[in-house]
Amino acid sequence: MQQTSPGSLLTALRADPPLVQNITNFVAMNIAANVLLAAGASPAMVHAEEEASEFAGIARALTINIGTLSAGWMKGMHSAADAANRAGKPWVLDPVAHYATNFRRQAVDALLAHRPTIIRGNASEIIALAGGTNRGQGVDSRDPVEQAQSSARILAKAHGAVVAATGEIDFVTDGERAFVIEGGSRFMPAVTALGCSLTCLVGALAAVFPTDPLVSSVAALTIFAVAGENAARQADGPGSFAWRFLDALSALDGPTLDRQARIRAA
Amino acid sequence: MQQTSPGSLLTALRADPPLVQNITNFVAMNIAANVLLAAGASPAMVHAEEEASEFAGIARALTINIGTLSAGWMKGMHSAADAANRAGKPWVLDPVAHYATNFRRQAVDALLAHRPTIIRGNASEIIALAGGTNRGQGVDSRDPVEQAQSSARILAKAHGAVVAATGEIDFVTDGERAFVIEGGSRFMPAVTALGCSLTCLVGALAAVFPTDPLVSSVAALTIFAVAGENAARQADGPGSFAWRFLDALSALDGPTLDRQARIRAA
Amino acid sequence: MQQTSPGSLLTALRADPPLVQNITNFVAMNIAANVLLAAGASPAMVHAEEEASEFAGIARALTINIGTLSAGWMKGMHSAADAANRAGKPWVLDPVAHYATNFRRQAVDALLAHRPTIIRGNASEIIALAGGTNRGQGVDSRDPVEQAQSSARILAKAHGAVVAATGEIDFVTDGERAFVIEGGSRFMPAVTALGCSLTCLVGALAAVFPTDPLVSSVAALTIFAVAGENAARQADGPGSFAWRFLDALSALDGPTLDRQARIRAA
């Protein structure tokens, strides 16, 4: 294993579990916390404006997801993002279905002003965020990840962020370097909030290796892809896939991860 | 398969997955989204007053559930119901435990004024909504569905809505025509929020066949009943039933559904 | 079985399922409701300030958990605790990560003024609540339950409450009498919100046997410990443990519980 391979970062995460603050949506909260626990991280769902900022000073990374946004929560998101920036901690933005309503578009614009370290979305979200025309419907992506690749590069350069466009094939770039990660399973889009959970895992890996958020993002996407592949082998449908995925995440170790990883420069 | 049989409506749903907006409770959000995904629909949990109305213009159906109601959410419910009505889209009301507190009773009265297309509740909820004396305790029904049948007919006529009273045996009526659907499993009331999830599926089928919400409701109840029966065959308890139910929903196809359906006019 | 053994209390709960009002966090809501249903109780997640107090008059016990607290919810918590006290019904406090932020510390202080019948926390929470120095990080405990035992005794005397410090080994005391309960599984801390769910079960057993909340708490902890042990036998990871735990809870009967119970006076 290389020192910054996905496997070594997973091993490092397990050796010193990072506390990750997640401001996520009501649908994702339980499964995202279980995904972080299975991976070995320590999740905390803390969003109230009264404490979001103070907690961001304690946590090693922050993730913000606008899935079930309301005006009250926006305050907690802004103060947490500010606090993470002040403390030099990485934070990840998940712009769920930001193209669907004015409220979401404005919320994402305001959050982008806080300069997220990493942006993670599905193809439709990344294309629309870069100003393109997408075919997203509600919260499900209908655009192939391949088409999102140029959008991701544009977005990364415009915002000085790492951008991950995930789907059947994952693509991640900092505007210069870029990687494609293969794996996963056809069951993944049929389990709600797995993408949101991946955003939280991206935060956990960024906490482990804040030096290079592109490298840490590759690790997070690879962990998801390999665990998804392993879980799918015995799953009969989305119900059995969901719990097998948590078992597979928990059973994954660093050397196995590196052996199964399918990453290539793009 | 007849053109409006449950099986053909399920096939139509899969061919063109409807986007369904659900304003539901915190307990139900995750399982309801997973139920819709397993059935083949595209769920969106959008409730904030800032966007609920705009989103109702995009979605093909709306469902409203008062399970964990608060004053702030009432605003989103009202503007979404208004927007669905203006756009001529079906909407479904789930009056969870509406008899338990004044706050709930008033909320349901106010929502009924928006003339829901379909009302789905358990026997206790339907009996109480029609003005009868029920034995409901908290959110669990303690009244047999049989007793709810005359209440459902009264309610349907009073509100010009389709009314579904579900439980061991399901009953659905538009005040004139009525059907009984058999199936399901004794494990279903032991899994929280399955009734709430059924409400969302009723919305999805109403989106697929808005012409006749009685027919689309029969389809939704039949899908649930057959998937429940199939899942129960291998389940050892409520925990294993829950994920097997999602697998069974996902594995169900139109012809199998029609073959297993137990529907009779009442 | 003794009349107040865990097994007889479980049998009594099944014979007359108590309605339990839970003001809990967004992560816990679904799994906590499923845990109560599997045990045989009737859960209701009712927290809005508009109805929390009225509902506390209907329910047989109340549980309050500050996991995803916000200012609006505090009002519902206070009025519900007041109503439970006025009606002479037991209520349980779960001070999730109360040491993490000022907002939480103040919230817990204010709730303690309502004199909870029972306080349930992990070792870090109980140590910090008694004024000690803990090693908690976010919401996960890093202190052994053994160290929490003297803190629990201090806390119980100071607040006239039963205090349960749970973890690998559970400890529960009313300040005079004390018991240790063994069992459970290493998978339990890897499933999010199982501790929060246990708090709700403590409430359910307090409803069944309000005369002696120490005895009812011992029963709740023993039910969890034995079901956890039984579920772990076939689990391969946290994902498969979670649903097997619900099956095991549901399959447990009074005599089996008493046979497997490992309780000793401390």
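Before moving on, here are some points about what is shown:
Chains: A, B and C, in written order; residue numbering restarts at 1 for each.
Keep in mind that, in the parts below, a residue touches a chain if its C-beta (ideal position, glycine included) is under 8 Å from a C-beta of that chain, and two chains touch if they have at least 3 such contacts.
As the structure is a prediction and not an experimental result, all values here were calculated from the model.
Two copies of one chain, chain A and chain B, touch each other, and the residues they use overlap weakly: the shared fraction of interface numbers falls below half. In the CA-based superposition of chain A onto chain C, the rotation angle is 120 degrees, rounded to steps of 5.
Between chain A and chain B, the centres computed from C-alpha atoms are 33 Å apart. Under the contact definition stated at the top, the residues of chain B that touch 2 or more other chains are 26, 30, 72, 242-243. Looking at the complex, you find that chain C touches chain A at residues 25-28, 30-31, 67-72, 97, 100-104, 137-140, 189-193, 236-240, 242-243. Interface of chain B with chain A (complex): residues 19, 21, 26, 29-30, 33-34, 37-38, 42-51, 54-55, 58-59, 72, 242-248, 250-251.
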